[in-house]
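Chains: A, B, C, D and E, in written order; residue numbering restarts at 1 for each.
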């Protein structure tokens, strides 16, 4: 017979759920507002979203406090897992979202921001990502992933022009395939361990001493393929440039940060024990994919004629670079991942925002894409400040000291060095050199060529966009001051989470 | 004393700087007069210093530190001793004369001021060279005179040949200077110092081979400056400079720096007699070699230049054989009469509008009496006729060779003495005697300014008396520092036979030259002969250098730049960059934009990973079996 | 062979999954492509149910349950995109979507 | 103020540059000169306050920035860096002062001021990462200067310059991270402080690899053969001011870094690589001199001559004894002065004729006598005439290396020959002969602005050639301590033998003792 | 024995149906075959005593397929062949076969692990649906709720994308046009 299920509220550990709940409530309240009164201005939704995100961030930071005291928290029948990784990644996710959402306040009107559904879906998506990072159950990860992804596809399509539909369809279709891979991978893990929780899987595999190596490997293969898509590792990356080009620059920038950090967290949870299991295969395959992703993406970025596509490839390359952290698998490298991603987030968001402010409704005359290099020709003469800021972001992305990404880069390469991955460290360094070329290319256009079409560059700018750029600039330049506190916090969180 | 030393040393510098102030402005007489006066001051100081030295007082001062690092310590140190004071006297006398002479000679030249700046700078460098008490200071002067020589040879920089000759002289000297530098390094690392006294004091304790190396390298340095074979070609080409320059630099002073160096380094060369023999042999060879080229040359200044070269060979024979004081003595005497000869040639050139071919002259004694007298005097002195200077200095070298039992050297030198007399008087005969051929060419010769002649007079006097009067006091003085060896042929019969024989031989040569060239008959047959052509073309050595060094260097440079640097080194750098770019261009099709392809790529990735996984799994699970299978296949 | 074990189901899963893959790669029509993605997810469901049965654990069924939910959501969003695309361009052929490449 | 003078020196120009955005275009030059003069005055004050008797670091500043990773804002100078810093501020000042009217003058001056910050930063940094920060940052203003104000191929040249050096320095960065890692292994602490690293004695194999890693960064910067090909392009295309700064200061970063990093950190590797590097240096000297001889563009001649001279500097550095290293440091300054001046001079003629091809000139000595004189003096300095600044450095460098290898020094010594060949040939082509090109007939001679830049250089060139002591002495003291450090750290017998022990008394050479000793003391008194 | 026969039969049918779905060029055949395949899959669920799952499968896919039918009708002439330019057919099959072979190669090996501990063991005597209920509302409460959110957002997405709001692209319209349009809308609404 059925016995009554007694569950005490404390054991649920509600605090673990609070941040996501806030985001969901926020989304719902936006829908409710819209239900009562439609045709409200986007500024309202932006601010409401921002407020909920603020609360969300507060809740995350609150749970960070709990984490520092009590260590890793489990909640809701151990489905929720709040450890340092979850907290750090949620901070990045929510923080980046907060930087992103004001980008809706453009001076030109764009389709997506005119509708409250956009903001509701946006918050749902954030909740999805948060669930994804705050769990080690493959089921919840899957649902979180799909919640976020489905919302994201829609957000892309909402830009409402043919390129964005094309982008959304491509992303969606490949995402569906990746979901299939994910399901298959989970199934195999389940087959060999009888569990879909990563901790449990790890425990069983270790107890078995990886006797079912064949099963383990193909499970890993399917997972790698699935997350290879999410993190755009070569050859699963092909959607990235198209999707970035098709979406609005703001969203593209967002996509280069948030979905990927969520993906990294899952990959880290899943692969960390596998890397340390002594399965050489995984190391070799990860090594290869890291190197290929970094290098190939860089090489393709070299030949782009559109800045946004170039930045898309550059994001792929950066993701490959960061993927090395998973391969290296030390506390230092995992901390480096977070550090890198934080500094990268500011810079990359800044760079994409710079594209966003220059976005005209229609294609610039005589150009086939929104942000072709020609558009930036001679900007130093027409818009010196803008050119300087853009140049700054490019230099930072190139890893030029003392700008943001550099610190992430040296800490990452440093971790490779410390773990004995000498050749990898060299490859990482040399890839930065290749990358230098295409970042410099934009600088060359802006600073060294003569203007071709003197137009208002800041056509789409508004004060809030400028503020976001200002924040990104300040962080990028003065990141040197922030690195130490960041590093200390990150290392503490990562270390205490056992990674 | 110190004051005198500094006066002697720095007044030419002051003069040079003074003239340099006007270097870009129009001719100002004062720019010539002041340096000349300052040089005279320098001469007076040197003379006073000479009196001190004659009394046995030498001066050594250290002005200031130049370089000091590690164990190296190089000061600006100057010494006035018996050797350097000799050189100082020679330099100051000749240069004073030349300066004054040049005021007249350069009268109409646009670069008058600049000329004096260079010329005084040269004197300063030369004085540094001779007065320095260490190798580094010597090197400063060494390079300084090279620089000034460059500036003065190329003085008429609008002339292509002049600038070419200047560069040639500079570069050739540089080649030798490298050896000199290496010699200096050797001295430093083996003795720990560059001061002459200390270094020489340490040398007897060194490994013999090291000393040999020092001697050789330093001598190669000397060879460059003194234009010894095979670095001799620049000297003849250097005649493109104004004649006072030739007189001062390329006859009296700079070219003798090599001899000075060997004399200065006598404690070292005494340790390595084998190098000395080499020096002497080379000297004898050059004496002969240069004299032969002088025989047929048709350029007045070049003839004198070859003569200089020949005489330098004499000096090296003496120095190489250890007769340092003899070498120095000949250096001094030679400076006087050779400078005189050049200045006379300058007068002739002036008169002939810079014509240099003596075959176009003739009979000039009518219009240029004084010049004729002085040039004849100088030629007689050069030929070594008693009682002029050459007799006492040059024939002494023959005696040295004889006494030291180097009979081959002796024979060569003796023959050369004959040749010397021949070509000297060939020149005199062609210029001053015979018909006035120059009239055919439309020249209207005139005698030089009076003051120029007046100032040449001291040289003439010195050319006459230097040997006879100075020899014994000089010997007494200089042998306080140099080995006091007297070279006497003790058998009086041999002595007289030799002395008289030599005189007769030389006079015969003079007579033959005079008779042959009085009328400037050109013997076509001889001229077309092989030997004549070889000599006339300077043994084809300049052509050889041009073909085998200059051209290949130029071409190789061009190849290195255009082929190696641009097409290999740079192209490979760009090539590496291009590999990446081309790869990008060729593979960007992977993102074809077609969703179907994208999906296929994902599956391809999956398949690759799966294949790797299966292979790995099979290997792990059937490790032993796989290995044995591979073993059977002979793969392992 | 007659004893049906877990492997049988897993192999069936694989075969169906591969059919789904073939469909995904082969189809140029967007709607038909969505069918193939459904096949992918459903094939995995068989595997989950089988594992769940053979190891006597309930989790597999739960996973399958959620996969069905996910599949349903994907259909909703996918069809939404499909409609928009069709409205805008008048066809749903993949080969028409090549405005962005490189 | 004195305790923060290095920070002030570094950041003052940058701050001034940032404020310069506000200054009106027309007054920008005056502003730039003022800032440059203040900076130069500050650097002179630095020299004045520098205690030349002390061999170690002075004016140290230390602020921990990223203690978690051992990165400290650590500054300090010794005799080696002091003069390069002074030179950097000096050249920026006269560079701005001598600037011929250009478009976007304001941007150029601001860029120069930023460049100055990075240059001084490189030479003052004692923390590897801070060093690296400035090292890399210096590329950016230079990229802009070449790319925006350069010749027709400026973009190619600037990008090549940037990427080439960037690549090299990234390899170096990996080396630095390794170094920090080894330090971490040895002490349990992260540190990038060079002074801390000095205390580390590494096994030889590690030294070799790290040496190679650092070498890439430095060699490309120097630039050493075969990594030199960016330089002719950069110089050929750069505007005058760019070439001047590049030649005078930026190239010195590489050779300076050899002395600051490679030698003391890896003494055994330095000895191991001494001969190969010497061979490369000799190739640099001879090969690039020959290439310079073949050039048609006078600026390229000077550019290649830079490479050739840098060869002597590297050779002197790898003499690994006090004489050689002191010589090479001095030669860095000398080469800075001389090649800087030569580039300024080329700029003078370029401003007038807008061409640098020697075939376009000829007989310039007649129309521009003052110009010819100054050019001639600088040329003679460049070929190493004694009593000019170059000679001191070249002499000491070669002298130093002679201790290590006789043959190689002989080959390297050909520098004085081949150098003369291309320089004299170029001078002859441009200045001598008749005026063949009518366009040259009425060229104005150097004007006051140009003289204002050139005369100080001439004065320095002669002054330090005649009396190098004020510069040589501080350098010598610092170099002695570095050589001593290397000797003490060396582990292989070969290295112990090759690196002299400075602390030991001067090797006694057999000679008449009383005489020599007496002489020597008196000599020293004379020197002071 | 019965089990084996059922398994092989349904396997054959499922594979056949899905193959048709994938291979046919008739849209309606494909739709129908897929629907059939889905139903056959539910048979496996029933065989594996996952009754609830089987039921859900039938319900969901009937619903979903109905919807698909509707769309199929909308987009295609039901009798016409769908034209697809299919290049490189072979690659597709090679890749598909390779995936199958490689995975099957591993799946041939038995899954053995003594360390499997069922977290939610299937209890005898309880109905499948009841057990689903228990697990769903305890352990998988959060996923369940999240799935609800997912469905909600998917629904919103579907409505937004398919609805009228996407008809006019504000992104491409000039500001004046947008205002004109909004005024028109307000008039309609009022």
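Throughout what follows, a residue touches a chain if its C-beta (ideal position, glycine included) is under 8 Å from a C-beta of that chain, and two chains touch if they have at least 3 such contacts.
Because the structure is a prediction, the values reported are computed rather than measured.
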item: Chains touching both subunit D and subunit E; value: A, B
item: Most distant chain from subunit B by Cα centroid; value: E
item: Remotest chain, subunit D as reference, centres from CA atoms; value: E
item: Higher-contact pair (C-beta pairs counted), B-D versus A-D; value: B-D
item: Cα-centroid distance, subunit A relative to subunit E, in whole angstrom; value: 28
item: Interchain centroid distance [CA atoms averaged], subunit C/subunit E, Å; value: 6
item: Rounded Å distance, subunit B centre to subunit C centre (Cα mean); value: 94
item: Whole-Å gap between the CA centroids of subunit B and subunit E; value: 98
item: Sites on subunit D at which at least two other chains make contact; value: 163
item: Sequence positions of subunit A contacting 2 or more other chains; value: 139, 143, 146, 150, 153-154, 157, 169-170, 173, 177, 191, 194-195, 214, 217-218, 241-242, 300, 303, 437
item: Residues within subunit C bordering two or more other chains; value: 6, 10, 17, 20-21, 24-25, 27-28, 34, 55, 57, 59, 62, 66, 69-70, 73-74, 77, 80-82, 84, 95, 97, 99-102
item: Complete list of chain pairs which touch one another; value: A-B, A-C, A-D, A-E, B-C, B-D, B-E, C-E
item: Touching residues (chain side subunit B, partner subunit C) in the complex; value: 588, 591-596, 599-600, 603
item: Residue numbers on subunit B that touch subunit E, as the complex places them; value: 600, 603-604, 606-607, 610-611, 613-614, 617
item: For the subunit C and subunit A complex, residues of the former touching the latter; value: 6, 10, 13, 17, 20-21, 24, 30, 33-34, 37, 40-41, 44, 47-48, 51, 55, 57, 59-60, 62-63, 66-67, 69-70, 73-74, 77-78, 80-82, 84-85, 88-89, 97, 99-102
item: Residues of subunit C that touch subunit E when the two form their complex; value: 1-12, 14-23, 25-29, 31-32, 34-36, 38-39, 42, 45-46, 49-50, 52-53, 55-59, 61-62, 64-66, 68-77, 79-84, 86-87, 92-93, 95
item: Subunit C-facing residues of subunit E, complex; value: 1, 3-4, 7, 11, 14-15, 18-19, 21-23, 27, 30-31, 34, 37-38, 41, 44-45, 48-50, 52-53, 56-57, 60, 64, 67-68, 71-72, 75, 82, 84-86, 89, 91-93, 95-97, 99-100, 103-104, 107-111, 116, 118-122, 128, 131-132, 135-136, 139-140, 143, 147, 150-151, 153-155, 157-162, 166-167
